[in-house]
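Please go over the structures that come below.
Both complexes below contain chain A, partnered by chain B and then by chain C.
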Partner chain A sequence: MKKNRGMIVAFVTPALIIFSIIFLYPIIRTILMSFYKIENVTDSMSEWSFSGLANFNKLLTTPLFGTAMWNLFRIWFIGGIIVMSTGLLFAVILTSGIRFKRAFRAIIYMPNIVSAVALATMWLQYVYSPKYGLLKDIFTFLHLDSLASIQWTDTNHKFWALLFAYCFGMVGYHMLIWLSGIERIGVEYFEACTIDGANKFQQFRHITLPLLKGVVKTNITMWSVTSVAFFVWSQLFSMVTTDTTTITPMVYMYMQVFGAGNAMTERNAGLGAAIGVVLSVCVVCIFVLTNKLLKDDDYEI
Partner chain B sequence: MKNFKHAPINWKKETHLLPGYIILLIWVLFTFMLLGWVICASFSTTRDIFTGDALRFPTGLHIENYIKAWNSQNVSVFFTNSLVYAAISCALLILIAAPCAYVLARFTFLGKKAIQNGFVAAMGVPAIMIVLPLFCVISQIGLLSSALSNRVVLVFLYIGINIPYTVIFLVTFFANTSRSYEEAAAIDGCTPIKTFWKIMFPMAQPGIITVTIFNFINIWNEYFLSLIFANSDEMRPVAVGLYSMINSMKYTGDYAGMFAAVVIVFLPTFILYIFLSEKIIGGITAGGVKG
Partner chain C sequence: MKKILALVLTACMVVPMTACAGTAATTTAASTSAAADSTTTAADGTDAAAQSDATVVYWSMWESTEPQGQVIAKAVEAFTAETGIKVDLQFKGRTGIREGLTPAMDAGTVIDMFDEDIDRVNTAFADYTMDLEKLSAKYDYEATANPGLIAACRDVADGTLKSIPYQPNVFAFFYNKAIFTEAGVTGVPATWAELLDACAKIKAAGYTPITCDDAYITCMIGYHLARLVGEEAVVDIVTNNKWDDPAVAQFAIDYAELYSLGYLSANISGNVWPAGQNTELALGEAAMYLNGSWLPNEVKDITGPDFSWGCFSYPALAGGVTGTEAANYGAQVMAINKDSKVSDEAFQLICYLTQGEYDQMMSVESVGIPADTSNTQWPVMLSDVQPVMAALTTRYSWAAGVESNADMTAVIKANVLNLCGGNITADEFVANMKAGKS
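And then the complex of A and B:
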């Protein structure tokens, strides 16, 4: 091992240095920042003034941040249920022995590789368009005129329009994770079940679901991590800063710190850091909770 | 697989699966409608789009939408920027991550576990946790003032945020390759470092290609950091550029041009996907995501 020491150091160091600059140092500094009042992001540490938990208190009492957190929670929870169940349904259909499995799988995953800005624009400017939109055409064709006349991007419907469009793009990825889980379950389990006279639904309920625990964990973790960073979609659906129907914590932070043309709000970078800490704590809690609730040591595949 | 395709259709089984087919077909049809319409609209005119004739081309194909978007709307600038950023970042990412991954997969040393866990944890860190200090330090040093250093900053950031994923992906890849090559090379008197660059690195090509595709797509679509760190239009990548273009489109009302710009932005990753979808999907399920 000794003669390899030089090589180990030489090979690990570059990656480690970049990792420290991009992740380690900024994370520590962000946590510190959340306890200080900082007028400007670019202020050096000597200009910070310690304010204890004031930033977190301020967040708690800011209605707009409450709205942002509530929106994020709905995206995470309702969107999560939609994406997970649709993804699971597709994965089950794909593994039931249908033809063109690869083609279906590839097409369903496809929206994930498209730039979110492009995808959101397609939805906003085409699907939801009140003049020539896809939804309007479909509902007119089905003679559901009350549905056809809905303005999908007005204040009342915007959030749900956003959520649905976002879910459409995310289903493919989580379907793939479900698929990898289902395909790892040995065929012999299902064969044994069929011999014992269990139908497809019973097989799903008693074999597939319990053996998917590990995959459920992966799915929830990945979903939470991407949800927390919810930003582009929200910014595209509400292009004016005064429009807060689709605001999320990331957007709020961006407005606070980088002052998106809004001179009225008081700028405080410490507040932005506090938002980051709150979101990270949420992710860690979800992670710990899912690990506690879903111990996957009781089954062996 | 080939034989299976020519097998006679078992109608009873297919009828049983019919609900499944219908659900998938509706979804696929919707996806095709979405993309197809946008592509058609990009060849149409704004007037035809508004009268609902985007799919009929009453006035013929309008390729000039693309020419206009490419030339006057800065799309060419954004496009070249993204291409250059992505190419440089992807190459450097491999040069930095592959050696690190190899060492992590092959040797045991003090702190190895900590480094690996650190990389895995970093994959779950939201950008909001790192962006403030980075912005502070980078603007204090004055790196955002000149065009060249601003570009270098962007490339450095793209490399940095993708390092953890790239390393972890390649660790699983190297761990699955046989040790016999290195043993043979060692007997022939080859030093470990030379063995890596001459034998293991070329052997890892399939994994390197897969992870590079992912990195390319990630960097091409990256939005948040580019929004904050790209100071002006001339150095913006496509995602941010498209956003500012859509914003200005509200005033010009050139919808056909906007759809052309959308198509230009999503085309590179889309074409990549058409040719490499099996590899991409395989990479996601293989071990790239371990939670």
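And then the complex of A and C:
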């Protein structure tokens, strides 16, 4: 095929232009903004006041931002382990030849389609309710009165309540990614495995898992990207005013850029931009790390 | 066939892109506000708004489904029929205004008037508002306006009138009169001691005296501290971390006492809004709740029409600087864009919406307080609010300023919830606040 430079340029340019405007320009502008103090997020550059690394310093010294990052870390790490392992478990079960596979897959994925607002309202006002909630009813029925009287949404338990509710909704999405990865593995490997006399666990350990390395990277990256943007669930679990148990960097950023809920607080869009930069750097680091640790080019399928 | 399909799909892709190119460049947050209801004649990219005959572009903070939104829509229709001035009414919702208004105005979108909370319009949007003194004088607006509210509007805008109030509200204790009568509480508590007294009787009658939700819990500490040392000192404490102020310790002791005497709901530390107001207050299990005068409207479907609402100002505290004459009262306000070319017509619309017939309709439909003093008939559910509001002379801002430090609000909230739930003692509360942790 003859390479026609004109054609290549003509086809690539529109995409490149759109990419630059929609992705590249905002990234560069945000990085720039993080070095200034800016009151209104859409202020023109003439109204920015240069502050150097002051925004980043402020983030390092604000305890609330530290709390937010700690919450985010626990959501990413503990939530990640829960969601990945549960998703993998479901995926392995679904590919082991059970009946009604399609129905189960749809059911497990369903929470992902439902709006987060609806899900959170259900969890908060029904499941966790201390008056007539699902958990309270179950525990009272089982005569576990001390468990029944736990206030699932008070300061001591709210974070775990939030994490559990969020993971419940996210399992389906990651299960689908695992599923597609497992289904890509050639059936002849499993057949050879069975002929050689391996049981399900050995099959999983020696065939499935090693051949899923690429999918592990995908899942970790997708999980990192979505958990770094953890916002809606935090807002729903702490209406109007933020809570130390549910605050995440995105929520803190929102407060800095648009002001707090009811009180008029000082706004600094530059600080918000700095938070964005910090979070992006975190995700890039995670991505680079997983790429280094999980090399999937030593297997040939 | 394939070629035609390809052509149609290409057209489908190109046409919206060129249409969107005319829209104001906005952040993704603003694009979700554009996705929110946009009624009547609005098309994307209204830079083409007719300059010949006056059209007033009005961005409203309500949703078209809310009672306020419905009344405004009706009023706008009648206004256009009466005066011939066209109105482009767009319902943006709360987040649409909070996130999208200033970016849209920065990008040059034609917006003539907008509304939001009195504090937000006069601080966050201050640079975009027009001075309304001349227009107000021209239409003699202050003849029938509530003087306290107009004074508050001037106050927040450093002495100039830049916004017109409507939907006034006051933040005070709302209570279930039936429970008070049953428990034998006569009158309303005006001091802390009387409040404790009333709580004891209510508890003896088998009801929960006081409840709250996490969303409003900061108002309880805000009011309590402001009663003791005044709002300015509260702002000082919170912004400069002066938690060793004796008022803080006093608050902790008082609320620890409320908890230990069993006057606070057992669920208060776990209530996520609106659990407390819906499942405890509205269902008649709890008696009192520090909330806003929008509360009866919010829970009217749960309480039914027979619920008897009472209201009293937060009690005075011994040795306090402010008393029951101080509370957070405010309003939603309408303002005009300082770059508007149709400011006179816009002000006419404001008068139409906030006075006379449609102000009365707004008050009735949204169970709210009328803005026009010539509308003397308040909704029955709010009749007890009238004397409370009439007696107010000092205005607190939201939560009496306790939320002024964005980095501390979350910590305050968590600690107050723990204190009210009995998870920490008064001393631990003060120690936590000094250390800035929860």
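Please note the rule applied: the second predicted complex is superposed on the first by the 270 of 301 C-alpha atoms of A that agree within 3 Å, B and C clash if a C-alpha of one lies under 4 Å from a C-alpha of the other, contacts with A are read in each partner's own complex, and residues count from 1 in each chain.
Rule of thumb we're sticking to: contacts are C-beta pairs under 8 Å (C-beta built on N, C-alpha and C of every residue); 3 or more make two chains touch, one makes a residue touch a chain.
Computed from a predicted structure; not experimentally measured.
A.B. asks: Here chain A is shared; do chain B and chain C fit on it together or clash?
C.D. replies: clash
A.B. asks: Based on the superposed arrangement, let me know which partner A:I8 touches: chain B (first), chain C (second), both, or neither?
C.D. replies: Only chain B is touched by A:I8; chain C is not.
A.B. asks: So, does A:I107 touch the first partner chain B, the second partner chain C, both, or neither?
C.D. replies: A:I107: touches chain B, not chain C.
A.B. asks: In the overlaid three-chain picture, which partner chain does A:F237 touch, first (chain B) or second (chain C), both, or neither?
C.D. replies: Touch status of A:F237: second partner only.
A.B. asks: For A:G272, is the partner it touches chain B (first), chain C (second), both, or none of the two (neither)?
C.D. replies: After superposition on chain A, A:G272 lies in contact with chain B alone.
A.B. asks: Using the touch definition from the top, say if A:Q151 reaches chain B (first), chain C (second), both or neither.
C.D. replies: The second partner, chain C, only.
A.B. asks: Give one of first, second, both or neither to describe whether A:Q125 is in contact with chain B, with chain C, with both, or with none.
C.D. replies: A:Q125 sits against chain B and chain C alike.
A.B. asks: Considering only the touch criterion stated at the top, classify A:T245 as touching first (chain B), second (chain C), both, or neither.
C.D. replies: Touch partner of A:T245: chain C, not chain B.
A.B. asks: Once the two complexes are aligned on chain A, which partner has more residues of chain A within touching range, chain B or chain C?
C.D. replies: B
A.B. asks: Quick one: from 135-143, 261-269 or 279-287, give me the piece of chain B that collides with chain C in the overlay.
C.D. replies: Only one listed stretch clashes with chain C, namely 135-143.
A.B. asks: For chain A, what residues appear in both contact lists, the one with chain B and the one with chain C?
C.D. replies: Overlap of chain B and chain C footprints on chain A: residues 41-44, 125, 131-132, 239, 258.
A.B. asks: Touching chain C in the complex: which residues of chain A?
C.D. replies: Checking each residue of chain A against chain C gives 40-44, 62-64, 67, 124-125, 128-132, 151-157, 237-245, 247, 255-256, 258-267.
A.B. asks: In the complex formed with chain A, which residues of chain B make contact?
C.D. replies: For this pair, the touching residues of chain B are 13-14, 17, 20-21, 23-24, 27-28, 31-35, 37-38, 41, 49-52, 54, 96-97, 99-100, 102-104, 107-109, 115, 118-119, 122-136, 139-140, 156-157, 159-161, 163-164, 167, 192-193, 196, 217, 220-221, 223-224, 228, 238-240, 242-243, 246-247, 250, 255, 258-259, 262, 265-266, 269-270, 272-273, 277-278, 280-281, 284-285, 289-291.
A.B. asks: Taking the complex as given, what residues does chain C use to touch chain A?
C.D. replies: Going through chain C, the ones touching chain A are 27, 98-99, 102-103, 106-107, 117, 119-120, 123-124, 213-218, 266-267, 269-273, 275, 279, 397-399, 401, 403-411, 413-414, 417-418, 421, 423, 436-438.
A.B. asks: Touching chain B in the complex: which residues of chain A?
C.D. replies: Against chain B, the touching part of chain A is residues 1, 3-5, 7-8, 10-12, 14-16, 18-19, 21-27, 29-30, 33, 41-44, 89-90, 93-94, 96-99, 102, 104-111, 113-119, 121-123, 125-127, 131-132, 134, 137, 173, 176-177, 179-180, 217-218, 221-222, 225, 228-229, 231-232, 235-236, 239, 249-250, 253-254, 257-258, 269, 272-273, 275-277, 279-280, 283, 287.
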